[in-house]
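Letters are used for the chains, namely A, B, C, D and E, taken in the order the chains are written, and counting of residues starts over at 1 for each.
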Amino acid sequence: MSLNVSDLSISRGGVKVLEGMGFTTIPGQAVIFRGPNGIGKTTLLRTLAGLQPVLGGRIEVDPENLVYSGHLDGLKAMLSVGENLAFWASVYGNRDITEAVKAFELNKLLERLAGTLSAGQKRRTSLARFPVSGRSIWIADEPTVSLDSKAANMFKRCVEQHLELGGMAIIATHVDIGLPAAIEIDLSLHKPGVEKMRKIHEV
Amino acid sequence: MNSLWQYANPRKFNDTADKILPWIAVLSTTCLFTGLTWGAFFTPPAERFQDSVKIIYLHVPSAMMAINAWLMMLAASLIWLVRRHYVSAMAARAAAPVGIVMTLIAMVTGAIWGQPTWGTWWAWDPRLTSFLILFMFYIGYVALWSAIENDDIAADLTSILCLVGSVFAVLSRYAVNFWNQGLHQGASLSLDREKNVADVYYTPLLLCIAGFALVFIALVLLRTRTEIHARRIRSLQLRERGDDNA
Amino acid sequence: MGALVSRDLKLAVRAGGGFGLGVAFFLILVSMVSFGVGPQGDLLSRISTGMLWVGAILSCLLSLDRIFALDWEDGSLELLATSPLPLELVVLAKALVHWLTTGLPLVFASPIFGALLNLEGPGYIAIAFSLLVGTPALSMIGAFGAALTVGIKRGGLLLSLLVLPFYVPTLIFGALMARTGANGSDYTSYLLLLSGITCGTIALLPFAAAAVLKINLR
Amino acid sequence: MGALVSRDLKLAVRAGGGFGLGVAFFLILVSMVSFGVGPQGDLLSRISTGMLWVGAILSCLLSLDRIFALDWEDGSLELLATSPLPLELVVLAKALVHWLTTGLPLVFASPIFGALLNLEGPGYIAIAFSLLVGTPALSMIGAFGAALTVGIKRGGLLLSLLVLPFYVPTLIFGALMARTGANGSDYTSYLLLLSGITCGTIALLPFAAAAVLKINLR
Amino acid sequence: MSLNVSDLSISRGGVKVLEGMGFTTIPGQAVIFRGPNGIGKTTLLRTLAGLQPVLGGRIEVDPENLVYSGHLDGLKAMLSVGENLAFWASVYGNRDITEAVKAFELNKLLERLAGTLSAGQKRRTSLARFPVSGRSIWIADEPTVSLDSKAANMFKRCVEQHLELGGMAIIATHVDIGLPAAIEIDLSLHKPGVEKMRKIHEV
């Protein structure tokens, strides 16, 4: 069930961007990655999701437990919000989208075509894919971009509830999401060549 | 000698290439020079083709090399996909433009030959047609290489393209035979050569073929070496870039 | 996979790129050929089956870049690749939708366009039949090409360039089958060859395409 | 406007979609026609000028969606519309780049492809000349069509459908001019008509296209 | 020079989204729009930039003074950062991009293709278009999305400097940009049908 990363190094575009990463997540635990622009947050999350090859080290996880969401929304402009969510639900073998709709207060938008939403409304719809997937490890890249404070709070509560039920969340962000119990990992410590001690973040 | 794979090490490859390139260059020039002069000045004109027969010394070797270059790319692609040796990816990339040039030479000399003999620059003879198709595969391969920024991704994609493409190239050759079985221009010609002119034309032709093969090898070695250097420069630039990611 | 097929069909219909578009393009192409060649009936009739096949290939080509590019641009492809659906099935579903929206309508429309090009009597069934057997291969090969070029912005022309040589065997056997049929001869051998190509591509290319997609997603 | 032209040329070359691609597509198309129609030289020779023109139109078509769609997708078009550059000039620059990368190379390549289709002697100059005069109109009309469909995701097929009818006059006069030339007759009248169309489109369509773009940006 | 808006109403997709907007900006002044997702910030900014028609009311401004930047970055992936900026400079009739490069610390990224940047690096490049344009009224839609705190600060300082030189800035944002002197306008007050008094924000 858990995610176990040891001595991971990753590269992007032929350049090593992070090295010596290690951490473990157990059910109920969230991990938050921080670090300046271009440090490698997106690359790391894509690697965890299995989209990119690892350069060195190991990632131990059952890919069946993962669900990933990146910088892009992945919404079909010509489908309604409800249809978008229902599609992802059936891809993940679920039927029910009502909980996700409630968590992100999408009921009023359900019939709207995704192409006619504002930036924040799109983001909300795309985040609703997490609960819809029914998977236990959520990987989210800057989830609260473009969200107003109310919507950011919806996301926070949704994650908290997921953690309570024994889920895990791995989030990269620049702003504060409001999960005080989460492990925060500063990726600047894992920049290749940084001399500072690289303690392995353990839970 | 340990294993052939040691030459897949870029540095070792470069050293070896540096050593043998001059020899190959000298050898290929000798072969080509002897073969072409012999063929051009010391063979009798054929009864049906007059002096135009001499174009055979360019046409046949380049046609053979055009096909061999693709076969070499196929082998190199397989090696890259299975063993991940960087040199083989670069060699495949290096061979493609040489192959294109060889195909072009074969088609242009063929066209020049065709004008006096068949009375036309081009006919949809199966052999010529399959060369045109080969040319298209080459162009697609090179176009894909040059359209992709990232070297590793480009190497992976083009080697899969080369594999699948080879299957379809063979299929096309087969299909073209069905499509145009009526004309048979090529066959009468090769019969002609084997029956009447084999002895006189054969030795210089062999020399020319050897010369073309050596030129091909030299060019591929040279281009692979250049590619290795270019890659090294690129990776040095990238390493430098590693610091300013912030 | 069913969900993906029905989603993509829905999208194809809503985006105005549904079943009619390929047929309409085909129609216009056929008239272009008449304009270009001139109105001689006998000439048109001799080139009709060939032109119908070339037209089918072109209307396939023009819609190929929709197979993966949209999903790539809006990030859905990344999400699909991390979803429980195997990429091979994704490729198959995409090729199927492409065929349903492009190839299949052409099969039904081809006899009508044959009439525009003075096609001879027995040719009507032969052309439709050859398209029915051959167009799935076109969609499948096209999906492979689209997967190869998915990372390249607006690679439409490059995609056509890559894919067209792959279409040669299908085109040759398809057009031969239709031409033989139009002359009233027996075309079983071409039919067998054509179906062989179609089955082969459907059996093998999804794997190649999925591998290529994975590489492109890196 | 110069900055835009040079930027777009640079992009066309870097994206691997430079000058050669259209020509290569043209080449493949010509061979496709032969594969479809069969290898009979006399038949090919009779349809050669027409097919060359249809081929030119198709390789234009396949690259039309690059005219505005990329700039639309990444937001540059919005920024250009709020910039000091008048949209009419933007349209002109885009059409010019399209012609330089697609139409002009075809002019030079057409005689070679004529040889593949057994074009007759005097036809070589006539086909190249007719393409030189006619292709600018194709690019300009195409830019207008591209502006019309810019809001539609992957509207490639719809775009072709919209644009093809507009191409008919150019195609008819262009193909007539080339065919007349290939027969060794005098084609001045067709030349005049063709240049009339080209001048007219260049003079008027930028305004229409700019208006359409403004509406689409809303 | 200034921007004058009175009794503006605007619509999006056939629905009226804001009404009774009015404000004035004078040189040296920034205006910040706030409001929940979907209230109409993007629509308003696009209307000010002249991309959308007004439904009612007036916008008095010389379009020659405006420069707009939206949710999308508007970068060409196959051009380097320097080439991207140089292009926009020459569109706006300028030659010099060195100041903008300095303000957003882009010198190390100058040779990189824009397609190979991280989300925040792209955003930084796209914001550098403001100083490059040489125009006086900057219209920015959620400019600090994806930026780390250091880069957000660069933007803040760049705007401050622009204001000092007599420029104006109109910004829509969900997060705090750090311009205490700016006029903040809460767009929820201008939602159609909201009964609350609609005072005209004046400077």
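Here is the rule we use: contacts are C-beta pairs under 8 Å (C-beta built on N, C-alpha and C of every residue); 3 or more make two chains touch, one makes a residue touch a chain.
From a predicted model like this one, the values you see are computed outputs, not experimental measurements.
Common neighbours of subunit B and subunit E, by the contact definition above: A, D.
Between the contact lists of subunit A and subunit E, the overlap consists of B. For subunit B, the chain with the farthest CA centroid is E.
Among all pairs of chains, C-D has the largest number of C-beta pairs in contact.
Note on chain placement: the centre of subunit A and the centre of subunit C lie 38 Å apart, centres being C-alpha means. Subunit C has its Cα centroid 32 Å from the Cα centroid of subunit B. Per-chain Cα centroids separate subunit C from subunit D by 24 Å. Remark: subunit A and subunit D have CA centroids separated by 46 Å (rounded to whole angstrom). Multi-chain contact residues of subunit D (touching two or more other chains): 15-17, 21, 24, 28, 35, 38, 153. For subunit A, residues that reach two or more other chains under the stated contact definition are 13, 36-38, 71, 77-78. Residue positions 133, 136, 139, 143-144, 147-148, 179, 241 of subunit B are each in touch with at least two other chains. Across the assembly, chains come into contact as A-B, A-C, A-E, B-C, B-D, B-E, C-D, D-E. Those residues of subunit B that touch subunit A in the complex are listed here as 150-152, 234-235, 238-239, 241-243, 245-246. Only residues 49-53, 63-64, 66-79, 83, 87-88, 90-93, 129 of subunit A touch subunit C when the two sit together in their complex.
Touching subunit A in their complex are the following residues of subunit C: 2-4, 7, 10-11, 14-15, 74-76, 78-85, 217-218. Interface residues of subunit B, counted against subunit C in their complex, comprise 133, 136-137, 139-140, 143-144, 147-148, 153, 156-157, 160-161, 163-165, 168-169, 171-172, 174-176, 178-179. Within the complex formed with subunit B, the residues of subunit A that make contact are 13-17, 36-40, 191-193.
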